[in-house]
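Think of it as A, B and C in the order they're written, each chain with its own count starting at 1.
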Amino acid sequence: MTEERRPIPLKRLPRTGAVRPLALLAPALIVVLVLFGGGLILGLPQSLGYLPAAGMSKISLKHFQRVLFDPDFFSSLGLTLYVAGVSTLIAAALSLLAAMALVESPRWLLFIFQIPLTVPHLVIAIAMAFLLAPSGMVARLFQNLGWISGPGDFPLLINDPFCIGILLTYVWKEIPFMTLMILSALKNSGMEMLDVGRTLNAGPWQRFRYILLPILLPSLGAAGLIVFAYTFGAFEVPYLLGQTYPMSLPVWAYRNYSDVDLAARPEGIAIGIVIAVGVTGCIIASQRLARGQKRRGTVF
Amino acid sequence: MVMVALPFVPLLLWAFSDRWFFPALAPQSWGLRAWIYLFRTAPDQILVVTLQSLWVAAATACIAVAVGLPAGRALGIYVFKGKDLLSIVLMLPVVVPSLCVAMGLHLWFIRLGLAESFLGVVLIHLTFCVPYSVFVMWGVFSNYNVEFEDQARSLGATGVQTVVRVMIPMTLPGIVVAGLFSFLLSWTQYLTTLIIGGGKIITLPILLFALMASGDRPVAAAVSLLFVLPAFFTLFFSARYLGRKGLVGVW
Amino acid sequence: MGELILDRLILRFGRRTVVEDFSLKVADGELVSILGPSGVGKTSILKAVAGLLQPAGGKILLDGRPLIGTAPEKRPAVMVFQKPLLFPFLNVEQNIAFGLRMRRLADSKIRRDIASIMELTRLTGLGRRRIHELSGGQQQRVSLARALVVKPAVLLLDEPLSNLDADLRQQMRDLIHKIQARTRITTLFVTHDQAEALAISHRVALLLEGRLRQVGSPRELFHRPADPEVARFFGGTNFLEGRFEKGALHTQVGVFPLPGFNGNGHRLTATIRPEDIVIRERGPYDLEGRVVRTRFEGMATRVWVQSGNTLLVVLTPDSRLTPGQRVRMHLPPEKIHVFPPPPDERRA
């Protein structure tokens, strides 16, 4: 963020001390550590095959092995990465354009633009199904225009190999989020910076490359990361709009977990842990990267 | 604008259609069949499920705010050792998929008798609602000037009075938004509710998935519209009281 | 070269006109201040010259060539904003180099130019600093250096000192004055601080309510204001109205000789600065009055004196005066400034 970095004025001097803040944080920490941390940690023995209730008590890595060496794992991983990566990239590119278009727009337009923020993914997924299904509204429109001669002619856009429906749902949901994230960076003296660049003889491309991008990259990166992590681990949209094979990782995990055969349950949890580790690792890596870049002090 | 509105068009059309066969662009006959079905034919189902969803989300939101408020205050106002680490730990559930947590906790919830129970579902929702609430309140308190409280104290207010008369009124919009966000997050949960609730605790999203599977488009569309209502309410409220910034957290 | 001419410039925001009919000629190498209270459109004038604001009418000429229609990045005018607006992702050197990089100059040339400009702006040694490690004054100097290094034909300074502490502001003001004298870059300096404008400029243009009221040397504006409002802006509160007859101004409170002035029979308004009125116990005096109020201001005391129906403000070194006291005042004729009569009255 490009807030004015000046010495903190006296009136906003943060308070110090360790006892009070810890006491204030305690309830939240308990919830997170016990429920969230506990969930992850308790999942581990189960993924290692320790499920006394199902008569399994031998601890081994075989479930992880079985998951990781399953050829389906790689097709699932590939699909999940594809969906998360492509939707994030498209949304990021469109958000840049949207932010520039919206920076001086009236409030009501901004408000309309924010609607997708609070609308649940599930509702949009359902709407996409209604729109894009072979008998959906777009197909009906094409039929009426004479472009296709029946639902069978319409290209497969949901439950399809390219995950068009899933991508569209995510992009629709993500653009406002990413745009608002970069919009605050842009409004926070970003536009003035562009003016400075103009008077210093920077042309349109130079302004984009040397001013706008460096200003927006941190918040765009952060937004992209959150979005990527979310789409990587999200279940509902691929479950509803995805094809039966390959499945996205979370869907695959749940399928295993809810299998009537209890022996598949550890594998489901194992996939879950792989997802969690992957997402966390991804976040930490990009944080490191960002911090390193900041320390070196140049994106120029 | 068109892009924003587009997905709602089929929902609205389907929800108010009685017959709509391919390839007609608009329903052949309009009507309230879906709504009549929901509120007349199967009122028990929709009413029970909606109330169930409401209670779960409301309980989750209340606890999330109660827990998030002090934590946000600690993060927003104080500087202390280990703050970075603690804030990362607190924010981790925002990015780590809740699916993994729910699967891990499920077995233990069964043992403790929390599975298939109201409390169990609320607890699992709290794992990600609390971090969101902390995040929102953190933002609220980093823009909050504690000197107002010092001023109140010097004017003779007791500790409790300061909290009730100064801190809460000054952070109220933030508190409400944190509550609404948590409500919405819980309200829209599908998988964690399904795993922990085990089919006993049925909320709107679970019903929606079932309706989609059954292929009754008008009813699914009608329930979708019902389902999206709190989202609009939250949007209006936070746009009114927090402006742009606070909204980002809800995503 | 850089002779800048603004000819009947009109600036509007939507339907609101902020600057009306503004004409100003800035000679090559001259520093002209645009002075006025906040919100009269001073910044808008700079932005119009920089090209960041499209004028609703009028012309902007640089060395005779029209600037309007040229994109801001193609204009040889550089603006320094009120906030330093340094790029947070670049260090000090990189910020200063920005304009040169945009012109794709060679690295060796850029290094040399930066080094000399950093010396001029007293930034030597700070080149590798990050922006947030700088003080407010340093930041504003970097911002100035960043503009100067591209050797603009016109430098536009938009209240560059207003975010600084008082003593820092003094230093910066002197620095700008020195640099401008050395580089002789044509400079338009916008400020709401009269002391700043008077101290730094060759000429001052006073803008009140979107209109140019007077242009002239600092002394002219201060001692020979064009009208009562200009006088009031510079702290003049004493106005004498009357009729000019036989070499003197006849007012209700008294008669004031005005040597060297002619124009018998005219109704006139004259002014005298508070510090020019002399309070004395003996010797000839022009007016007598009663002290209504006093305010001790350190180096001087401000005294409100009621004389007939006129309230005069006097700035005097004498701090012993008290309300109720009767005082005699001398108004030196050479310090009385008569406003030129407004055009419509002259015709009548």
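FYI, a contact is a pair of C-beta atoms (placed from the backbone, for glycine too) under 8 Å apart; a residue touches a chain by one contact, two chains touch by 3 or more.
Given the structure is predicted, the values throughout are model-derived calculations rather than measurements.
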- prompt: Among line, ring, star, complete and other, which best matches the way these chains touch?
  reply: line
Statement: By C-alpha centres, the chain nearest the middle of everything shown is A
Task: Between chain A and chain B, tell me the centre distance in angstrom, where each centre is the average of that chain's C-alpha atoms.
output: 18
- request: Please work out the Cα centroid separation of chain A and chain C, and write it as a whole number of Å.
  value: 55
Multi-chain contact residues (two or more partners), chain A: none
Field: Residues of chain B engaged with two or more neighbouring chains
entry: none
- line: Listed in rising order, the residues of chain A that touch chain C in the complex are 2, 4-6, 189, 192-193, 195-203, 206-207, 210-211, 214-215, 297-300
Field: Interfacial residue positions of chain B with respect to chain A in the complex
entry: 1, 3-4, 6-11, 13-14, 22-25, 66-68, 70-71, 73-75, 77-81, 83, 86, 89-90, 92-105, 107-108, 110, 123-124, 126-128, 130-131, 134, 145-147, 184, 187-188, 190-191, 195, 205, 208-209, 212, 217, 220-221, 224, 227-228, 231-232, 234-235, 239, 244-245, 247-248, 250-251
Task: Using the touch definition up top, name the residues of chain C that touch chain A in the complex.
output: 50-52, 71-75, 77-79, 81, 83, 85, 87-91, 94, 98-99, 101-103, 130-132, 136, 146-147, 150, 156
Query: Where on chain A is chain B touching in the complex?
result: 11-12, 14-18, 20-25, 27-29, 31-33, 35-36, 38-44, 46, 51, 53, 109-124, 126-131, 135-137, 139-141, 143-144, 151, 172-174, 177, 180-181, 183-184, 226, 229-230, 232-236, 239-240, 250, 253-254, 257, 268-269, 272-273, 275-276, 279-280, 283
